[in-house]
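Pasting the structures in now, so scroll down.
Same chain, two partners: subunit A is paired with subunit B first, then with subunit C.
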Partner chain A sequence: MTVAIQVLVLVMVLALAPLFPGVVQRTKSLLTGRRGPPVLQLYADLAKLWRKGAVYSATTSLVFRLAPAIFAGTTLVAACLLPLDGGGAPLRFAGDVVAFAGLLALGRFALVLAALDTGSSFEGMGASREATFGSLVEPGLFLCFAALAIATSSTSLTTMLGRPLAAVWTAAAPALVLVAASLFVLTLAENGRVPVDDPATHLELTMIHEVMVLDHSGPDLALILYAGAVKLTVFGAMLVSLMIPRGGLGLIVSVAVLVAGLTAMAVAVGVVEAVMARLRLIRIPQFLVAASVLATFAIMLLLSA
Partner chain B sequence: MTQIASSLLLLVVLADFVVLGTSRMSTCIRAIGVQGLLLAGLPVFLHAEWSVHMAGLALGTAAVKAVGLPWFLSWAIREANVRREVEPLVGFVPSLLIGAVMVAGSFAVAPTLPLPVQGGTLLVAVALSNVLTGLVVLTSRLKAVTQVVGYLMLENGIYVFGLTQTQRVPFLLELGVLLDVFVGVFIMGIVVFHINREFDSMSSSHLEELREP
Partner chain C sequence: MTWFFSGVLLLLASGAAAVLFPARPRLSERVHLWLSLAGAATALVPVLRVLAGGTVEGVRFVTGVPGGAWVFAIDPLSAWFLLVILGAGVAASAYGTCYLAAEAEHGSVPFGRLVFSLLLAALTLVVTAQSVVPFLAAWELMALGGYFAVVFDDRRDDVRRAGLVYLVATHAGTLLLFLLFGTWGSHAADLTFAGLAAASGALGDSRSLVFALALLGFGVKAGFVPLHFWLPEAHAAAPSHVSAVMSGVVIKTGIYGLLRVATLLGAPPAWWGWTVLILGVASAVLGVLWALAQHDLKRLLAYHSVENIGIILMGLGVGALGVAYAVPGLAVLGLAGAVLHTLNHALFKSLLFLGAGNVLRATGTRDLERLGGLVRGMPVTWTLFLVGSAAIVGLPPLNGFVSEWLVFQALFQAGFSRTPAELSVFGAAALALVGGLALACFAKVCGVVFLGQPRTEVARAAREVTRGYLVPAAALAAACVAIGLWPWLVLGPSVKVAALITGVPRETALELARPAIVAGRWIAVLAALGVVVSALLWWLRAFALRRTSVAAAATWACGYARPTARMQYSASSFAAPILGVFGGISGVTAVRQPSSFETRAANLVLERALVPLWRVLRAASVRLRPIQHGRLQLYLLYLVATVSLLLIYLAVRGSP
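And now, the complex of A and B:
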């Protein structure tokens, strides 16, 4: 029964996922004095792309065709590892944090390979940047997880983002705030948002994530766009679970809090996009190292407490 | 120790990281000003009971550390036409990492020190990490103004350490330290000003050369 409810919540959140990039876009547009596309634009885009056929370049191989499915699949499985209803995840086992990070890395690896497979120098550049920044995001992510693991003495996301957090908030709030700040920076970096990447630009020289998927079309592109939205939602759900422990709440309230929190997160990302410029490429590692330093500091606080 | 006090201490260390990681002189000075403000608020939240001495110390610290010194430093930059960029000998990412190692070291060492400490080992850890990161800034930045900032971070560390002993040591000593620093920075500021006027550079590496450039 509880598993059925957990799966139901998961399906609902996955259905809502394309909403959040729309909220980000709308916030950014309003703050910069424009109207912007409708909030539900991504649903329309996905429906349109899904009906179209895919075009494949003659130089590409099977790798290119498999990549979107692998990216979408790994992201969806990663979403299954999160305790979305505030109680437990549909999929959980000791050490599933490593699986979570590994799944995200596998998805990125598939996209990078597909970008290299096209043989285009622009896509190769994007792939190189994505791999570089991905390798800087990962230590930060693991340090955040390490801090949460120390705080809750568990290595399963269900426990790390679940009930025990409420007690940690009363005992060591500053450390958790640091972890949340670090996780927010990683959310921006991992989802190709300003100040690390700019999803709005289509100049090959300035973008990272978008350039890698230039050659994908039709249902392939739809899968990549949808998985990107799910990835943003997954990171948002982690942030919400971390900031608002929902252990004692009822199911309905808990899910309502999650959706409200995800919307707030999307608004926050939109505000960052509106008020900040994209960082120069050489400044980005510094930004990501700073996020890792924040998480390291949280670990130190938790260990010394 | 209250949650507010430990949050303040946390922000103090974060201000250190801002100084280590930024490339702008003005951000450096603003960070050190914010750190001064945090330190001024610290004794108020650290001890439950209120007193005139404590309020005086808090206000005095805020006036000197958060308003006086940052204003003086930015005045020196403006007057001396210093270029508004930090010139590090060690890059920003390495200095952030060195800073993280220093802070980790202080947090590891602090609980093992045999000190008659009141208010938890967090104070000692933050004091040590402030002193060490101040040392990093002092040694790894070229410009005289950034070295003053490093010196101030070092002094802030000593101030935090003094807070562990406030019940024993009279506030007079604290005020004395505050005055010392103020005079020290004042003199250094004037020196900075003159160096810039006479040699048209504030880089302390030029002080090592005996010949005229």
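And now, the complex of A and C:
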């Protein structure tokens, strides 16, 4: 029964996922004095793309066609490992946090290979940058996980982002604030947001994620866009679970808090996009290392406690 | 043990068969192949029996010689490494039969087969010998077998040079092993491993000396930073099936040696664990970074061995910390991860080298910048290489993920162990960085070699190799997938091996590792779910496309109408941003010209440290030249003087 509810919550969150990029966009537009597209724009885009045909470069092979499905599939399965209802994840086991990172890495590997499959220098550039910054995000992410593992004595996301956090907030709040800050930076980086990447620009030379998927079209692009929204939601859900332990709340309240939290996170991302410019490429590694440093301080605080 | 020795004899016979009928090359090839397969199968019988939980099998003979009896035995540790040797070795052997047949103009094919069989037999003896004299004999046979196998194509200058570097390195290592066993043996009743273990308590302060000697002596073989300098040279120069065994198996004997010495020495003090862990981190990070800088396919793979040895050492290190700080759960997890990664690395690294061999056979080049688009000509090789790549990067649902997952768990558990070992949690960040860099590196290899447009005519003309090349590689790929999808097949045995090394009773170890073994089943569920969901999405997408049009066009080049193969991102340009982040330690010099960009990678330790050091030594030794006159009387005088000095020393010190 509980598993059924957890799956239900998962499905609901997955259905809401395309909403949050819209919230980001709307926030950014309002803050920069524009009206911007409707909040539900991504749903319309996905429906449109799904009905459209696809154009494939003659250079590409099966890899290019498989990659969107793998990217979306791994992202969806990774979402199964999060305790979205505040209690537990549909799939949970010792060390599932490593599997979570492994699935995201597999998705990235598929997209990078697909980009190289086109034989385009633009997409090669995007792939190279994605691989570069991805490899710098990874240590930061694991440092955040390590801090949470130390705080909760567990290697399962259900516990690391679940009930025990409430006690940790009273005992070691500064450390968790640092972890949350680090995780927010990583959310921006992993989801191709300002200041690491700019999803709005149409100048290929300045982009990372967008230029990597330049050649995808139709349903393939829809899968990539949808998986991107899910990825943003997954990172947001980790942040919300971390900031607001929902152990004692009822199911309805808990889910409402999650959705409100995700919206707030999307607004925060939008604010960052509105007030900051994209960093120069050579500054991005420093930005990502800063995230690792924050998490390192959190671990130091937790270990010395 | 009868089965085992029959297997070894069959392996030796297969070597003999290769040289016995020079007039009938086809027949000798067949007999060689089937005898090595039969030998490996026979020798595997006791291995599986021991790993399934049977008793240790042993035999002792030649008693009454100096140095004690010659003991051979198969305990779980030996059995595990035999599995590694025979599993990867037999695939490489079958591949080599096919591969060497086309190499007749480069060297003597029968001799190549003979030394390869000798190498395999020596490897099996190294991990079963339980006393010093046969161990060192087998070790030397392995080193020499490896040397002759590497210099197969000895008409080439770079091959001879690589062989020389390897020979010097391996003998420097062996010298340290003589010191190690000499120091230890002087405290022991005899030179059997049992005797050494009994004497480990009497070692006192020299226990740490023994450990340091083992770390250096076996470290040269294992090839961790900074003792890896010979490895990329030798592994790149060897024929591909030899590279597979050198990289996948031979370097693991260094790990075996360390583990064996660790079991004989007993519980380690904490600083051993820290040393091994830090060496592991350095080796893993630098290994993968240097791999990224390479443009030679086989050299790149060789650097990845340095990385993976680093990952194994990280597992060992955190396991040793678990023993030192009395956290048995940590010890079992860390060591099980290390032991499992040893097997996994043997499988996927051999697979990748065989794949590289296919590429080399089809195109004649190992230079990444001259390849591209092989997916069209060589779809099977590409699929196999992709499996190996995903496995080495540590992606689910493949075997590399399972062992890295164990090591990660050990590092996390250290974090909340409430002992000084908790600092090793930062190792998790290092391992994550390594994973990210490995992903970048193999994206580069796969993308530049197999995807995109062919960069040269040879790449365009490449055609798939024959079945003899593909079947051994496919067997290895199947093993990688099997371990990834059904991890509990290997989790239990690897925990048993870890139990032996840590000295935790087997039942306790299995109990401690229970969460991990249970989680292994969940990993299988997760992997299956990932495959099913992706397949479902793939099918949905195909369904959506069926109702609309699918068009073919040229790659979108932002309006540029005539993209060419030369405009693609190259291996140099792909790796450049990452190498830029790491600056000088990446060992790369970039050559930028108005119309070209090129990076050159250096073997930092060899070129910047050892060769200059050697020059200094040689210059200094000029001063010693006067004593070398070439006059016999003088040499006799030196001899007499040395002996007299020794006698005087002994007389002064008292009888030994």
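Definition applied: the second predicted complex is superposed on the first by the 305 of 305 C-alpha atoms of A that agree within 3 Å, B and C clash if a C-alpha of one lies under 4 Å from a C-alpha of the other, contacts with A are read in each partner's own complex, and residues count from 1 in each chain.
Just so we're on the same page, a residue touches a chain if its C-beta (ideal position, glycine included) is under 8 Å from a C-beta of that chain, and two chains touch if they have at least 3 such contacts.
The structure displayed is predicted, hence computed values, not measured ones.
K.L.:
Both complexes share subunit A, so when I overlay them there, do subunit B and subunit C fit or clash?
P.N.:
Overlaying the two complexes on subunit A (C-alpha atoms) leaves subunit C and subunit B fitting together cleanly.
K.L.:
Thinking of the overlay built on chain A, is A:Ala67 touched by subunit B (first), by subunit C (second), by both, or by neither?
P.N.:
Neither subunit B nor subunit C is touched by A:Ala67.
K.L.:
Given the touch rule stated above, what does A:Pro285 touch, subunit B (first), subunit C (second), both, or neither?
P.N.:
both
K.L.:
When the two structures are overlaid on chain A, which partner does A:Leu76 contact: first (subunit B), second (subunit C), both, or neither?
P.N.:
A:Leu76: touches subunit C, not subunit B.
K.L.:
Thinking of the overlay built on chain A, is A:Thr296 touched by subunit B (first), by subunit C (second), by both, or by neither?
P.N.:
Touch partners of A:Thr296: subunit B and subunit C.
K.L.:
Does the superposition put A:Ser304 against subunit B (first), subunit C (second), both, or neither?
P.N.:
Touch status of A:Ser304: first partner only.
K.L.:
A:Val179 in the overlay: touching subunit B, subunit C, both, or neither? Say first, second, both or neither.
P.N.:
Once the two structures are laid over each other on A, A:Val179 reaches no partner at all.
K.L.:
Once the structures are superposed on A, label A:Met125 by its partner contacts, choosing first (subunit B), second (subunit C), both or neither.
P.N.:
In the superposed model, A:Met125 contacts subunit C only, not subunit B.
K.L.:
With both complexes overlaid on chain A, does A:Leu42 touch subunit B (first), subunit C (second), both or neither?
P.N.:
Once the two structures are laid over each other on A, A:Leu42 reaches no partner at all.
K.L.:
Quick check on the superposed pair: does A:Ile208 touch subunit B, subunit C, both, or neither? Answer first, second, both or neither.
P.N.:
neither
K.L.:
Using the touch criterion from the header, give the chain among subunit B and subunit C with more contacted residues in subunit A.
P.N.:
C
K.L.:
For the combined overlay, can you note the least CA distance between subunit B and subunit C, rounded to whole Å?
P.N.:
So the smallest C-alpha gap separating subunit B from subunit C comes to 9 Å.
K.L.:
Give me the intersection of subunit A's contacts with subunit B and its contacts with subunit C, in residue numbers.
P.N.:
285, 296, 303
K.L.:
Going by the contact rule set out above, which residues of subunit C touch subunit A in the complex?
P.N.:
Touching subunit A: residues 372-373, 375-376, 390, 393-396, 401, 404-405, 408-409, 411-413, 415-416, 422-423, 425-426, 428-433, 435-437, 439-440, 442-444, 446-448, 451-453, 515-516, 518-519, 522-523, 525-526, 529-531, 533-538, 540-541, 544-545, 548-558, 563, 565, 567-569, 573-578, 580-581 of subunit C.
K.L.:
List the residues on subunit A that touch subunit B in their complex, please.
P.N.:
173-174, 177-178, 285-286, 289-290, 293-294, 296-297, 300-301, 303-304
K.L.:
Which residues of subunit A touch subunit C in their complex?
P.N.:
50-61, 63, 66, 68-70, 72-74, 76-77, 80-81, 91-99, 101-103, 105-106, 108-109, 112-113, 115-125, 127-129, 131-132, 134-143, 145-146, 149-150, 153-155, 204, 214-215, 218-220, 223, 281-282, 285, 292, 296, 299, 303
K.L.:
Quick one: in the complex, what on subunit B touches subunit A?
P.N.:
The contact residues of subunit B facing subunit A are 3, 6-7, 10, 13-14, 17, 21, 92-93, 96-97, 99-100, 103-104, 107, 110-111, 121-122, 125.
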